[in-house]
Structures are given as C-alpha cells and as structure tokens.
Amino acid sequence: MMTLELILQGLVMGVFYAMMGIGLTLIFGILKVVYFAHGESFMVGAYTYALIAALLGLPLPIALASAVVVGALLAVIVERLLIRPLYEKFGDWQQMRDEYAIIVTFGLSLFLINAANQFLGPYPYHGPALTDIARFQFGDIIIGGHRLVAGLLGLLILGGALWFIQRSFWGKQIRAVAQNRFGASIAGIDTRRVSALVFMLSGGLAALSGALLVPLFHAQPDVGMVPALKSFVIVVLGGMGSPIGAIIGGLILGVLESFGAFYVSYAYRDTFAFVILIAVLLLRPQGLFGERAREV
Amino acid sequence: MNASHLRTRREFLVSLVFLAAVAAVPLFVTSGYLLGIVIVAMYYALLAIAWNLLAGYTGQFSLAPTAFAMIGAYGTGMASYHFGLPPAVGVPIAILVSAVIGMGLGRIVVPLRGPYLALTTIAFAEIVRHVARNAHEYTRGDFGMSVPLISSDRVMAFYLMLALLVAVQVGLYFLLRSHAGLYLQAIRDDETAAAGRGINVIFWKTVAFTVSGAICGFAGAMYVHFSGLASPDIGHIFETGLVLASVVIGGIGTMIGPLVGGFIVQFAAEGFREFGLRHMLVFAAMVILFVRFFRQGLWGLVKNAWDRLFGQGAARPARQVKEAGE
Amino acid sequence: MSLLRFENVHKAFGGLKALDGVSISLEAGCMTGLIGPNGSGKTTLLNVLSGNLAPDQGDVIFDGRSIVGLQPSAIARRGVGRMFQITRLFRRLSTLDNLVTSGCAFGLSFHDALDRAERLIEELELTAVHDEDGGNLSGGQQKLLEFGSVFMGAPKIAVLDEPFAAIHPHMREVMVRFIRERHAEGHGFLIVSHDLPVVLGLTDDLIAMNAGQVVARGDADTVLHDPLVIEAYLGETAVS
Amino acid sequence: MKRVSPVAGALMPTTSKRIAGIAAAALLTAGLASPVAAEDGPIPIGLSLTQSPPGAVIQGEEVLRGHLIARDIINEEGVLDREIELHVQDSQGIPERGRSAVERLIERVGVVALSGQHQSSVCLAEIDVANRHNIPYMNTNCWSDDVRAAGYPQVFNPNIYNSRVAEAMGEAIAQLEGIESIHALAENTDWGIGQAEELGKYLAEHAPDIAYRHDLLDREAEDFTPVVQRIRSDQPDMVVAIMLPPAAYILMNQLAEQGVVPSDDTWLFEGGGLFSYPDFWDNVRDSAVNTIFFDLYHPEMPLSAFGERVRDEYVERYDGTPSRLVFQAADSLLLIAEAIRIAGSTDGDAMIEALQGIELEGSRGVITFSDEPGVLYQQWVDTPYVTFQVTELDQALEDTVFVSAPGVEVNIEALAR
C-alpha cells in the first residue's frame, strides 16, 4: 500500500516538474541553450497567485490566470531584451552563445530573486488551497486535497500544452524552428514570433506550476531555484527538446524521488536528481526519448 | 613570433604590472578591512583564472569552479578539523584531492559539449554541495567547520595569497606559451578539427580540467585558512555566478581579463554595500548589462580604445576582412 | 602491399545502410577520386577512416595495422590527413597559429613548425592574412588554410572531401598545383568530389559509390561508362 | 588604550599617504570612503544581519525592528549626552560576508560595538573580528554552543543556547503522560542537529522508556511528503519539529495535509520558536492547532517597563505581535548603551569590563553574564523561556494556553488534545 501511495505522491510532484520542464525543453529546442532564469518564472507565478488570491481576495481562477499572464509576460520581455541577440546576430555571437546564454540568464535569475526580496519582502506568502477538502483517502492511501486537485488540473493543462505543441498550427511552427531555424525562416515562418511564443508558453507554464504549488511550498524570493534545477534534470532525462520526454521525465523523477527519500535518505532527497542527471548524460546523452545528434 | 604568443605575452605583461600594483597595496593601506577585501578579490581572481583556462581557452563551459574551491576548502578543513593537520599538510592534500577529482570529472565529461557539459557540471557542483551540507558527521553540515587561520597577520595572509596568484599566473603563462596553449585553443575552436590534426583531445581536455580543478582547490584551501571557516556557502550557485561574471566583465579568453575581473566583482560587491539593501540587485543588473552590451569585456574595450588611439590596428579592421570574405 | 584497405565495412544509421560492405584498396602514393551521388556513403566512409565513426562491421587496415577503434587524433598522427566538407579550422587562432598548432601536434618542434608554416603560407598565397584570425578569412582562404594544416604533418594519404566546392577559380588553381606537387613528392591522395572535371584533371583512377556500395573502380573511361554509375547518376547529371 | 583608527591613519594628510589614499579610493569605488565618527557626535553601533538571500531574511527583519525601537527609546535620554546611531550591514547569512561586514563597520564606520547577528555560522566568523579589534560583540540570536565555547571576552550572549533549549523541551516532554515514542525532525544545521541530539540525550537520562529517533531534513527542500508518510505509518506519540521557516512552515502544513496532526494520537512539539514570527498564521493553518510551542516570549511572561515599551512600540509601528527576536534585539542594544554609560566612554576594554559585571533590567528580566568557561561563558544563564499550546486557528499569542516556564510545573490539565 505504501508503494502505491509513494507512486501516487511521486506522480503528482512529477506533474509540476513536467510543467516546468516542458517550457525549458522547448526553449532548448529552438535555441539550443540552457535558460537559467526559468525558476524565476515559477517564483513570479507563485507570488502572483498568493498576492492576488490571499491579499486582494479575488477568486482563485482569476488568481491562477493572472499568474499565467504575468509569468508569460515576464518571459516575453526577457526574450525581447536579452535572448533575441542569440538568434538575430551571427558571427561573433555564435562563438560564445552558450556562455552568453548562461551568464545573462544567470544574472537575470540573481536580479529577479533580489528584486523580489527588495520589493515583496522576505516573508513567505502562502496561497489559498484550491479546495476546502483537507485530504482524500482511498483505503490506506492519503493525499492532500489541494495536492490532488492541483495535480489533476496540472495534468489537464499538460495535455493541452502537448496537444498545442504536437497538433496545432503554431506548435508545428515551433517544431519546424527547433529542427532547423534557417530552413524554417526560408519557408516563411516568422522565427521571432515563434521564439516569443515559446517563451510565453514556457513562462506561463512555469508560473502556473508555481501558482499551483504555492499552497504547498509558499512563495519566497528563491523558491524557484530547486524546481529550476529539477527541470534541468528532467529535460535531460527526457531528451533535450522533446516535450513528451519532459513530461515522462518529470513523472519518472517525481516517483524516483518519492522512493529515494522514503527508503534511502530524507536529507539527500534533492541530491538524487543530480545523480540521475549525470548518469543519464554519461550513459544515454540523448535522454530517454531524444534522438542522437549526428556529428561531423 | 606568432600571434597567439604575442597576445599572450602582451596580456601577461599587463597582468604583471597589475599584480605589481596589487603587491604595493599593503605599503599604503594598513586597514585590515581593505586588505581583507583585496585578499578575497584575489580568491575570486584565482577562481576566475582557473575557470577561464577551461572556458576561455579550452571551450569547456564548466559550472563547477566553486565546487572545486569547496573540495579544496573541505580537503584542508577536514584534515585540520578531524586530524589536526596544519595548513602546510592540509593545503597540499586539498590540491591533490581537487586535482584528482578534476581529472576524474574531466575524463568523464570528455564526450559532452555545450549545454550538456554545463548541466553535468552544475549537477556535479550541486552534489558536492549537498554532500557537504548533509554529511554532518564528516563536514559539520550547513554551518561548516572552523579552520585555523594561516596567519593572524593580515599582511602576511595578503602576501601568501598574492604569491599564489602570481605563481598561478606565471605557470599559466608558460602553459599557454608552450604548444599546450595552442592545443587547448584549437580544441576550443573546433574539437573535430583538432583531432583531425593529431591533437589528443581527450588528454588535453582532461589536463585542462585537472589544472583548473587544482587551482580552484588551492584557492579554496587558502581562502578558508584566511576566513577561518569551511562552509557549503563557498560552493553556492551564486558564487559560481560571481566567478563567471568576473571572467566576462574582465574579458574571456585573455590572461588579464579574469584577474582584473575578479577584483572588479569583489570591489563592486563591497562598494554596492553603500546602496544598502540593493547591492545584490545593482550587481546583478551590472552583470546583465555587461554581458549584453560589452561582451569583449573590459580588456576588449581597453584594447579597442588603444588601437583606435595609436592606430596599429586601424590599418586592418578585422570586421572588414570578415565581411569581404563572406 | 597496399597502404589502405577497407575490408567489407558496414555502417547503418537506424534502418539506413550508409555503408553496405565496402571493400577498397589504395596503394601508397595513390591519386584516387571517389565519386558518387549525394547520400551514396562517401562522407560516411571518410568518417570511418578518420575514426569519427566506428564501423558496425568490417575492418580498416592502414599501413599494415587495423585502425578501427583508434582515436581520430591517433589515426591522424599515423598519416591519414583529413579535410572536411565544411571547412574546419581554429577560428580564433591566426593563420600562422593554425598551421603551427597542427605542426606541433604532428610532432614537429615549435621552430620547425614555424619554418614550415611560413613556407606554406607563401606557397598557398596566404601572406596577406598571415596574422588574421582563421574565422575572419574568406571561404577560399579557409579552405587553403585547412589544406596547409593537413600538410604540416607528413600524411601518407590526404583525404579531401569536396575541396573545390564554391571557391574562387584562382584559389582552385593554387590548390591543384599544390596537390600535384605533393603527389610528386610521394603523398597519396583520396579526393572526394562532385566536380568531375577537376577530379579528372587530377587523376585517372576513380572509385564510384552508390547506396553504400562500391559500384565501379578503374580508369575514368571505364568508370564513367559503367552502367551502374550511369544509373546512379541518372537525373543527377547536373552535378554541382 | 590605544585604538588608532587605521582608516584615519591611511588618510592622514602627508603627501605619500594622500597619494595612497587617492590610489585606494581609485582602486575601490568612491563610495567606500566615509568619515570616522567625531568624539561628540552620535555613538555609532554596528548591526550585521541578514537582509537578502540566501540567509534568513525574516529573522533579520525582526532583529532590525527590535534595534530600531530600542534605539529610539534609548535616544530619548541619550547616552553620555550623545545619541545612538545604528549602522546596518547585510551579511546575507554568509559567514564571509558577515566577516567583511563587521570589518567594514569597525574600520570604515568606526563602530564601538556590534550587535544583531542571528545566524550561528555567521556569528562564528564575526566573533573572530570582534576579538581581533577588541570590540564588544552582542550575540543577539546565535544559539550555537560554539559561540560561547570560543571563550572570547568580547562576546556576550543575552539569548538562549542550544543545550538549554533541548533541556527545556525535554523537561516539558518528560512530564507529559502517555508518551512512548517520539520522532524528531531537525534541520541539517548545528542548531537543528545539536538540539535533536541533546534532546535525545536528555530523554535517555530522564525518560528512558520513551523510544526516540530523529531524522535530519534539508532546510532548502520544499517537499517533505516522504518523511511525513513515514511518520504516518509509524504513528509516534509525538513529533518534534526543530526547523526554521520557511522549511518549518512547509513541514507543518504537510504534516496536517497527511492528517498526522492535529490528531488524538500524536502531539506536535515545535522547537524553533516559530509562533512569534509575524507571518506565522499567514503560512501555517491546521497543523498549529494543539501544537506545543517552545519560545522565549509569551505575554503571560512578566515584562519590565522597558519590555512593555518595546512591545507597545512594535504593535504601533508594525501592527503585529512582537517575536522573541524583537526583545532579544532590544536587550542587545540596551546592554550596549548601559555598558557605555557605566564605562563612561566607548573604549572597548572599559565596555567589556562593564558588561562582565552588569546587572541590567532587560525586557524580560534582569540580565547578568556568567563567567563559567564553556557553553555558559558570558551567557545570560537565566534566559526566560516558555512553552505554550495553541488551541484555535488564528489564535493570538496572548490567548494561547500557557504550559510551562522555568520553575513552573507543566500544566497538564490545561492541555487540549
């Protein structure tokens, strides 16, 4: 019974990880760089939900929607100001894109964390739960009310996002740019708009993930750091650039952590992810679902 | 003389002038506080130089420089805390341990490039930090271990750190001047081509990781014997950010850039205390602006200004050659 | 005894058989052209030779020893000089340093490398960009520089993948002259190109590949009139 | 005592020194240079506390508030006809930043005493500097025994220390009835680990029948569900939480989420003094009900006139109930002011001597410092503490049920379950 419960709890966490990871994997897909400020979209979403719902007392759906909008907006602004040179300028910029991308998003992350600390204060904010039901009980399995509701909602949204990426017109454009930016631009795809869209999507999803978790985690300036690092892991696990891989990677990581913490060590709970990351990169660098890049 | 050597020698000479100026600081400044700032600046400069060897010269974008500083710090820290060994024994142990771990990591990540390398090394850094924080019986956990001071005299500590910095800079100069310097830069520019020209890529990458790890470990070990505490904060992800920022602000892939960058970042962090609460905010903004608009770093700006003023480069602007060629 | 022998080499990517039992033998000091339509497996064969790809099956014997499983750098030092289809050089090193680096890696002392590099720069007409970063050179200059880099060592066989694609006619002349002189000195060449006229101007010994297999080998007359080769090129006669 | 300011020395107007000064100023940013306090101007006191991540910013804010309130109260009368002036530096919870912050305060600002630190790791780095410069160092809230055991005469500890907290909790637990098993959850710091181990030792000695185990949790973690599941399946009679926010809030909420507390079967004992954090009820809900809290302040605890002033000022300025940190901070500054008054000067040795013999009515009792070496060195041994129980959601501190205090038996009847 405990096994089932650990799986269930792990899957729920996995849904939130996946919501973070899917955005990161899309960004990697179209730009081939690591985006370090992803955790701050999560943080912004968490704050927006907590502030709007708890302080202004607005209805929860509005709070959730605002979180998505603010997260998406932030990501789009960042894309316009800091990310665009990565694909607009060639030559010199090409040679140190990795460096530029990591340092600029790293600096951005530092900036946003300290801005939150400065303007919102250090106190953690608690968001109201989506349901009044404290917990659901199925036989011996207990799961928190909000956790289950948020998890199911997250699952629904993940499904929607996946549909959008795989089936919709825009999603096809995203995948075209991911496969070949130059080719896509020749085929008449506005790669700028696609990039903006990808950042909007990933910022919105990360913010939603933060909003759904804030009743469990509390909003504070550096709340996004752990989820961001985890989302790197699942993106690698699932294969960089693969949205389905990110979802499955997220679920796998959630379950592995659940078991690892329960049976191996509570204190090292957040360490497992990194061990998994290194193992995957060394044994199967293309991830579980990625395609091996052909070199030379 | 070939161009790489000329460039390296010019940068090395400028860095020697800079180091000479630093060496003169205690003659004029008696404040322990100011000397302390300069000592910490030298620590960051060392990490920046070591990271620049990997990222700037070899093209290996590792995110683990402070993890190696931590390995060095805990190497000597645990030797002292658990076995009562003096720094004279602890520091060499720290260098050895960080060099060996650097070699192991370097060998393991040989096939990885770009983002994959960045993620593997950040995962490695986080594992090291988590172990230091949670293996309480050995590391004393989050609060760290008290470590004896290498010298209660600030000026002494200052010159010890400076000696290390000079030694590293000179050593690096000879490394870069030898064929190794050319090999590392060749690997940075094109690994496949390097291998095709007979350069043993695996070997030289591993060398770069080993040397870089050893320098970071050495710096970390010296640093804790100055600050008196080996704590997991040494390896915090923000610290890595400071190291990268030092290199980028100073000028990546140069001998002088990281050295000066380390000083600038530390002084800026201290100077911005004047802004009270906002110092980290201002600092982060500065990092973004620099990397966004002055990507060649300060050394690049200085060099361009010099060329423009004194003409030597005006005859052949690199940009035009390139445009003509494409 | 031959210098280089491919023995029944197979290589597949997923379901695609890029090399399907290739056997080729080349003599020391050869001057051989390797032709075939796009996707016929030429570049894959070169990648197997230079150690950038491991064959699924079969062996590559160079200078009497198998080189399968060796590092690319080790194969290069044994005397396989490789030029890539997309020019590969050290973009942030100067022209001279590009050559010196290769020279050192091939075992020359620094001073010898410097001497030879200066001579090659003159020979390849790169004097004007002597101190320019490799990345700032024009496409043709980069090609010449890569060429020079390979000959900083003493390749027993130089493998050139599309060496004449899209470069200035004058540079092509420089290159052809360079190849002839080196060949006369005893270096072997394996030239992969679509550009039949240039290949034919250099050599009469051709190998034709299609669909991962060698379909013909012999002098130009024989190969170009081989029905399999004609079939392979059908619809592709307008070779780029 | 000779205490020439090194900064003043460096800026002395001889030509070479002036050049050096210019060089130093050019080397550093211009902002670094600042004047040394005049002899008859305000008395500069340095505060090093956490104002930005990764440190405990919430604690830093409370400590700052306590100091600001105390400063204003003290300045109504002044000290030696001078005012107290606070200089705040952000230590970010990083030992190295703390060390550099207090060096800056001493050498650039010329502060005569230091106060405010609330994170043990930072304290440990800072006291070396205070020791080297012979500047009195008021430890506002570092609980680590090592801060005392270092034996520096400059360091005074008007707050509680780890082993005492564990003893106090153990005393209260041992008097409860029907407790057979305890599962303690401690954060992975000296503070958490120290308390969990000390508590185990105390119980092994005084209540050997109780089965006690403890687990360490990572204070950076955000999900504790697995350990909560473990507790749910083990069903201990009591869970002891030795964590600080925000991890502590998350842990408590997740205990409630799984239905471990509040329940008829399991007590929750909170050992981190959480209840008096101003954001406690914003962040913790059901799990707080019927929880027993350890703290250093409770309204039923007698306050001095000074303590009442501090409390009233806090309520007026910040619209909330002050936490223990506010009183500890106010006491710290009051002690410094009193030491200056007794010493009649801001000389380090004179102040230290004054503090060693001090007997001062602080906010919550008369403060004296022991001279016993070890963990009691220059420690206010009789630091008041209290345990109380929360019985309702959103309960105010004054409505909670007083359980015990030093010398007071546990009020078992009062306890709800």
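Chains here go by letter, A, B, C and D, matching the order in which they are written, and residues are numbered from 1 within each.
The rule we apply is simple: contacts are C-beta pairs under 8 Å (C-beta built on N, C-alpha and C of every residue); 3 or more make two chains touch, one makes a residue touch a chain.
Treat the numbers as computed from the prediction; the structure is a model and nothing was measured.
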Practice task
State the chain with the largest centre-to-centre distance from chain B, centres being mean CA positions.
Solution key: C
Handout entry: Closest chain to global C-alpha mean, per-chain Cα centroids
Key = B
Practice task
Give, as an integer number of Å, the spacing between the C-alpha centres of chain B and chain A.
Solution key: 31
Exercise for the section: State, to the nearest whole Å, the distance from the C-alpha centre of chain C to the C-alpha centre of chain D. Expected result: 73
Fill in the blank from the handout: Expressed in whole Å, how far the mean CA point of chain A lies from that of chain D is 37
Completion exercise
Chain-centre distance (mean CA atoms) for chain B and chain C, in whole Å, is 40
Practice task
Note the residues in chain B that touch 2 or more other chains, in rising order.
Solution key: 130, 134, 192, 238, 277, 280, 322
Exercise for the section: Spell out, as numbers or ranges, the residues of chain A touching 2 or more other chains. Expected result: 114, 118, 267-268, 270, 295-296
Practice task
Would you mind listing the residues of chain D that make contact with two or more other chains?
Solution key: 51-52, 54, 188, 216, 218, 220
Handout entry: For the chain A and chain B complex, residues of the former touching the latter
Key = 28, 32-34, 81-82, 85, 91-93, 96, 98-100, 102-104, 106-108, 110-111, 114-115, 118, 225, 229, 232-233, 236, 240, 265, 267-268, 270-271, 273-275, 277-278, 281-282, 285, 295-296
Completion exercise
So, in the complex, the side of chain C touching chain B is made of residues 50-52, 71-74, 76-77, 81-82, 84, 88-94, 96-97, 100-102, 104-107, 110, 114, 129, 131-139, 141, 146, 149-150, 152-153
Fill in the blank from the handout: Within their complex, chain D touches chain A through residues 51-54, 57-58, 60-61, 188, 215-218, 220-227, 229-230, 232-233, 245-246, 249-250, 253-254, 256-259, 278-279, 282-284, 286
Problem - In the complex with chain C, residue positions of chain B that touch it - result: 2-4, 179, 182-183, 185-186, 188-190, 192-202, 253, 316, 318, 321-322, 324-326
Problem - Touching residues (chain side chain B, partner chain A) in the complex - result: 55, 61, 63, 108, 111-112, 114-116, 118-120, 122-124, 126-127, 130-131, 134, 192, 237-238, 241, 244-245, 248, 252, 277-278, 280-281, 283-285, 287-288, 291-292, 295, 322
